[in-house]
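Same chain, two partners: chain A is paired with chain B first, then with chain C.
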Partner chain A sequence: MNMALPDVIQIIREHVRTIPPRMIPLAIAIGLGLVMALSLLLPHRAPPSPLVGRILPSFMLPRVDDIHKSLMPRDFYGQPALLNVFSSWCVPCRAEQPLLMQLSGKVRIYGIAWRDTAENVSAYLSETGNPYQAVALDKIPVTTVTLGIFGVPTTYLVDEKGVIRAKWDTPLDQQMIDKELLPKLEEIQANAKK
Partner chain B sequence: MAIFLIAAAPLPAKEEARAQALFHQLRCVVCKGESVAESSAEVAADIRAMVRTRIEAGDSDEQITQTLVSTYGTQVLMRPPLARGTLPLWLAPLLLLAMGGGLLFAYFKPARASA
Partner chain C sequence: MLGELGLLCVIVAFACTLACALFLTTSKRGDYAGLIAGCLRVAAALTLGALTALMGARVWDDFSVSAVAAHSNRALPLLYKIAGSWGAHEGSMLLWCAVMACFAAVLSRQARNELVLTALCVQAALLAGALAFVLFASNPFTRQIPPPLDGQALTPLLQDVALAAHPPMLYLGYVGFSVVFSLACAGLWHKRLDSDWARMARPWICVPWAALTLGIGLGSWWAYRVLGWGGFWFWDPVENASLLPWLAGTALLHVSRVLEKRGMLAAATALLAILTFAMSLIGTFLVRSGLVTSVHSFASDPARGAYILGYFAVSVGGALTLFAWRAPGGPRPQPLSREGVMLMGAVLLGIACATVLLGTLYPMLAEWLGEGGIAVGALYFQMTVLPVLGLCVVLAGLAQRLRWERDNFSRLAPALVNPALATLAGGLIVLTLATREVALAAVCIALAVWMVAALLFRPRARLSVMLAHGGAALVILGMVGAGLWQSAAHGAPGQALKLGPYTAIYEGMEPVLGPTYHGQGARLRIEDAHGMVLGSLTPQLRMYDGGEHVATPAILPRLWGDIYAVATPEGVELRLEPLIYALWLGCALAASGGLLALRRR
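On to the complex of A and B.
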């Protein structure tokens, strides 16, 4: 239907004129009801995270494989990386693991085990496979507010300078990886080469 | 780390009152609608601990909420800020009220008998 906006407005005007005045409150109520129903039913885009475009906030946490070693953001500067915050007790995290295993071939992945213990994390990783270059243990946790964590899993795409280029507050799925993650990763890699 | 653990417990009376006031102003970001004061979510517990730690460290309410907004966005506030983007949110209820009032007035306006 190829119609100019003025035509559409004219048609709406004519229809509105045919509503008898006493029906106007009902018409408005129905109109509002439709708007509200639509806003509830249509997919809801979360507002973009304020952390995107900023340097990954700093942390220093013991590594699960060696508590005498620590992991901090500076350890993975130099190349793009994914930071995946997960927990061994988190069901969607487990569901995400196969995708992370696949991604680990394309980009280095670092993990933060959130609200967890070294024993549980080690057991979990031996079951699901380990896509991580290194996993930091955040037992307390201390990173919740500084990293803007709503829950687990949370994944950050960080460029070679440590700037967060994307943040996913939901588990990754194949569509998000294909449509958002991989294109962004390629963009970063292309720019890093310049 | 020890300071963090201590701040997870209630503070002395005056500071705890300030903490509780802030808890009611902050939204539990994973259970929309609840404030951090009521929520049993883990993230809410972490936000409460952060607020207490910052109060002990001497930060102002403004600084604490600013830090939370800087990582979670304005959705962490129970009262959305008054800004250009949120103007429709604030004005819509008033407009709807005015419209409703106008309609009622028009409906109940006594018919003027023509002399």
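On to the complex of A and C.
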């Protein structure tokens, strides 16, 4: 049973013509239902953060290890780096920590402890290991608005000029690291060498 | 204890409604009319009881109920402990069921009517589905042991009087349209979609429509007073979710008038009744599934989205299958007649509704098409939806002067002279007096004048129509004022800020302390052009105990509009919002018009 495409179109067209108009709402509703069902099944991506492509917004936060030192966007210049916003009370952050430990060999990681205290952060880091170059404390928190954080963990990839190149507002997993983070990092490093 | 009592109420109510719904399978419903009506009344009482139990758990700080622990705390003022019951997902779904059950209980007074009895069974099936959702996917009474000592803070933005009343109003509209949906299904089934049907359905269209209008107005008022952006509508998916059923409902309201008066457009009425409720469901689906990113995404849970989608498939799919099978035929109205123009208006409203739906769903579609995550901005909606609605306004004025059945141009033309002159005058006044966005403003104001003038020059205009259309005209006025003529000025502390005829003089910072927040307020003295002090404004930067920062605006109402001040990290922003109060006034007027339409002639 081989039919040419124009024949098939002709047949469909005839069938469509015989559909009474009162069937049309049902057909549209079925289509709409399918659209919504598919959108539930397909993986969902958030719209890109407006911060991506912009320079890291200014902040100055005291460091956990020494409150007389501070962390600020200047620290990010020179080499690409990750900025990981976490909390000692956040369970997904705890799950993410071993992956960050692995990553810390490949790229500098800075941490911001969000809505947290110095004691809790120190205890947390001694328990899970410390992948960070430096950890700053955001007690109040002031970075919520400037960095657009609506939950922890949130991770930013910042290039050598201090420009945010990617943002993840979900915990990182191995797949995201292999497929998104590392390729982007390599791209940034290759560009920096040129 | 209260939690278990509430849960028990929901379970028994579910059983009651399920029993009623089973009567859909038999044609001998008439013998059990009393039983069905009784069951639905019991279900209404029980769902209200469950809602009260949830409120009680919040008032007495029972943090072992996880919905209480997640959205209420000891320091929360009593009003928000009660009103916050429906702030979160679980509670709002319970409210949804309670409203639906109460509507069913009121409808059950007419249970002796065969048509109403079928509608009651359909309504019971809808209610059973919603209660099953509460029971299995969003139980508000889940316990957590051991209970926390204190609950999480309620998002400070939600602690507002307008927002306490906004969800119940909106739900009264959303869910209220379920009754006319059930009546339409019953009407299709019994093939009795006629003038009598329309007369019976009128309160079930007017009341939800009025509630939805008021609810949208309240939501917009809240956004204006609390969010500090100085706007009133942001074309956000959640706002669109409330606009969709409103547009469809408005079309339904007008088409059902034609059915009542002339016995025509039965199929269109039934279809719009089904679609209006479908839009309510799509709105709920969009909000509850977290598919569209929004400034107020409350709950995102794909399982809940799947359930609501299943509910949509069964209810709307079933109703539309019934429609495809039994849609009544009928004569088409003359194009130049009141019913013809009303049908055209309904079609335009349908187009506007589809356009909003497309814009709301488009980010989702674009993602599949590989365009990546995008957001559809306000510009799309302004350029597509507003012109269509403008055309609706033209028709709304025209319909006032047209006769039923058929009309001719030679009779119509003299009748249109006066309104047309008034419209022209309105447009010209704006053209000469306005300083900004002159052309667009003139067109919009002319439309508003046209809508009212056509009514005023009409003999024996109904008060309800006058209020509703007058309200719509006021909304247009407010949109022009706040959308086109708004002006803003920024200033750092210490400067005198000039904006229009007003000057704001910074008088210093003062600490503010509220029940759940503390912060700083910048006190501004407002003077007019002659240096007379009009009052002072204190926009605040509040820090809530939960850690959220909120810029709370301050508003000084004047005759010609609001002076609106909001504190920013750099200083203060002062805005003039001309005529913006016309928006909320218009919504209230339109809603009262909708309620007045209940009156029998």
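Keep in mind that, in the parts below, the second predicted complex is superposed on the first by the 173 of 194 C-alpha atoms of A that agree within 3 Å, B and C clash if a C-alpha of one lies under 4 Å from a C-alpha of the other, contacts with A are read in each partner's own complex, and residues count from 1 in each chain.
Note that in this section a contact is a pair of C-beta atoms (placed from the backbone, for glycine too) under 8 Å apart; a residue touches a chain by one contact, two chains touch by 3 or more.
Quick caveat: nothing in here was measured; it's all calculated off a predicted structure.
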Combined model on chain A where chain B meets chain C, clash or fit: clash
Touching partner for A:11 - first (chain B), second (chain C), both, neither: neither
First (chain B), second (chain C), both or neither touched by A:140: both
First, second, both or neither for A:151, with chain B first and chain C second: first
Partner chain(s) touched by A:51 [first = chain B, second = chain C, both, neither]: first
Which of chain B and chain C A:33 touches, first, second, both or neither: second
Which of chain B and chain C A:23 touches, first, second, both or neither: second
Common interface residues of chain A - those touching chain B in one complex and chain C in the other: 25, 32, 47, 115, 140-141, 144-145
Chain A-facing residues of chain C, complex: 267, 271, 274-275, 278, 282, 285, 289, 291, 293, 302, 305-306, 309, 312-313, 316-317, 320-321, 323-324, 327, 361, 363-365, 367-368, 372-375, 543, 547-549
In the complex, chain A residues that touch chain B: 24-25, 28, 32, 47, 49-51, 57, 115, 140-142, 144-151
Chain A contact footprint on chain B (complex, rising order): 1, 4-5, 29-30, 41-43, 46-47, 50, 67-73, 75, 96, 99, 103
Complex interface listing, chain A residues touching chain C: 20, 22-23, 25-26, 29-30, 32-33, 35-40, 42, 44-48, 115, 140-141, 144-145
